[in-house]
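Got some structures for you, see below.
The same chain A turns up in both complexes below, where it pairs with chain B and then with chain C.
On to the complex of A and B.
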């Protein structure tokens, strides 16, 4: 599986000698092996030109751009290698069919609750009493029924997530109190870490969806039609607990990230460049971790699980195979 | 898989090999590159190398099934460290 490359420095990214080169403002030059790249994540202030875009396009490499406080601000996506009118038609049909859309939305909610529960269970067995959160999640899960409207499903998801966030305060040290999820901008370190982690999950899901002929803007649980790639939000929800949250818990509890990795701005708490690098490194290592896949009978990386999710969804829409959302099985 | 690539070219042609292999691997020292590579990319790289070589020049590829099999000690600065975080 190809790798993600992250550019935190300010400078310029360009095509040079048939590969990618980053020239930082300090004059340092670094090459990125284009044949080994899945996507480049641009976190700093970066210049580029049209020659670069053409080159990325030829190699099917995406560039994800992050702005202030590392909020996702857009992607330069390669021209679609996969074009399939049929897939798009089926994707929209499923959205337009209330029952079909509801079923898919319910699958996404069931999957995310399952994966949140997996995290809670892990910490419940490690000296924290989180049985109440588990009960709350189970109750939320049981409330999912076939007669539910999508808005109600979103409500169930929100309730579950609120219960789930209690885990953060139980598991993390006091300096990292969550005090409720808030963003735009995040007011404290934990919120800031959650936002950054979720943005990375989201961007990776955009890449995964792009590998199929699915349109990232047509979604089921989240309402499409806003500026975001809402299908990516649907998929990202399944993977946030596994990727973003686990990395956060691990780094904070091992004191690899401390309050020194943040700076306060007016009403916002921002990760420093050091903090972002530490987090991203752990995140990329996690993406490369592998698990034995029961159906494929081989080891697959977490990053490939994102891809598989997009493939599964496409197969469901085009070939009518039942869609089983990703549920952590190990 | 993980490969180490070393080459010996005519003095004015070394840049050609460097340019080619940089597309796949990380440059660690003069005439030495290394890194993770897929089987498909490795085949592609082999083809390019063979097309580029002239008489009297050579390239040696050391292959390992994974980097965990490689016992690697670096003295001084490691050029591959954090090559994905710039």
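On to the complex of A and C.
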């Protein structure tokens, strides 16, 4: 499976013959084999030109851009194969049909709660008593009913996530107390890690969605907003526990990330470059982990699970076959 | 009069009218690939008719494109496009269809038969065909007999039925599913 490449330094990314080349401001040159790239993630201040865009397009490689505070600020998406009026029409139709939209929103919430529960169950069996959180998640799950409005479903999701976040304080050392989820900007290390991880999950979902001709701005659980890819938010919720949260728990508990990996900046707590590098490496390793897929009958990477989710949604919208949200099955 | 009305409903006539550029209320197109899919997998046909994207990195797709390009590089580079059909190449006045292997011969034979039928009915040109498997150095002559022409027309009607359906036919495990570009979309 193709992988992501991250550029943290400032400099320039360019086409050099038939490869991608990063030239950093201190003169270091790195090559990225484009045949094996899914996307490049640009975290630093990077220059590029139109020749690069054409080259990325020819190889179907996306470039995701991150700004200050590791906030996702946009993507250069390959054009190839991503235009399908019929798909967009079906996608909007489903949004416009209250019952259909509700069913999809309910699926996303059910899947998200299931995947949060999978993480809690794991730590519950490892010296932490999290049975209360499990009960809360199960209650939230049972509240999902077909008659619910989307706002109510969002409420169920929010309640579940609040309960789920208690796991963080139970499992993580004191220096990484969550003290409630806050972002814009994140006030402490664990909030900062959650934000960074979620942004990576989100950008990977943008890539997966854009590989299918679905429009990333037309969503079901989240309200289609302006200036953001809200369908990516719908899908990202399913995968945050598996990807972002697992990496966070692992790195902090193994002391691979410590409070030294953060710096305080006008009310924000941000990862240092070292911290981001450590996190990103672990995140990419997680994306490359594989699991036996019961229907495809072969091993697939976690990253490919995102692509499959986009396929499933598209198939549901265009072919009318039922949509089953991703629920960790192992 | 009523007979004429029925004719307009017949997919074969609609296809021919569409191909000839007549003003048709409901144009109907069948590409060579659709004809092939009809014989390979009807679910694949439905997906393709909806432009559901295929996995372009799929090794069979990459291989097919490469065999096409490399075996007849100098002549085959520009496919001959004729309305709905796209011929691999013409050789001594014969239509040659290039396939990487002879694993699915009947679908390829029908694809080629459809080209011959189309050339005959739309352009008024009678041609013979050759099915070529350059990697196996094997060739097979294909001729548009009346039986084949009827088979083509029956297939066009069935294709119309399938692609008009709201949903695709149920998935069905076939020996070549593993190498299909729609495999993951189908089974995910």
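Just so it is clear, the second predicted complex is superposed on the first by the 327 of 330 C-alpha atoms of A that agree within 3 Å, B and C clash if a C-alpha of one lies under 4 Å from a C-alpha of the other, contacts with A are read in each partner's own complex, and residues count from 1 in each chain.
Keep this in mind: a contact is a pair of C-beta atoms (placed from the backbone, for glycine too) under 8 Å apart; a residue touches a chain by one contact, two chains touch by 3 or more.
Only a predicted model underlies this, so the values are computations on that prediction, with no experimental measurement involved.
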item	value
Chain B versus chain C as contact partner of A:327, first or second or both or neither	neither
Which of chain B and chain C A:7 touches, first, second, both or neither	first
Partner chain in contact with A:280 - chain B first, chain C second, else both or neither	first
Partner chain in contact with A:18 - chain B first, chain C second, else both or neither	first
Chain B versus chain C as contact partner of A:36, first or second or both or neither	first
Partner chain A, residues of chain B touching it in the complex	18-20, 22-27, 35-37, 41, 44, 82-86
In the complex with chain B, residue positions of chain A that touch it	3-9, 17-19, 22, 24, 30-36, 277, 280-281, 284
Residues of chain C defined as touching chain A within the complex	46-47, 50-53, 56, 166-168, 183-185, 187-188
Contact footprint of chain C on chain A as seen in their complex	60, 80-81, 84, 86-87, 211-213, 295-296, 307-308, 311-312, 314-315, 318-321
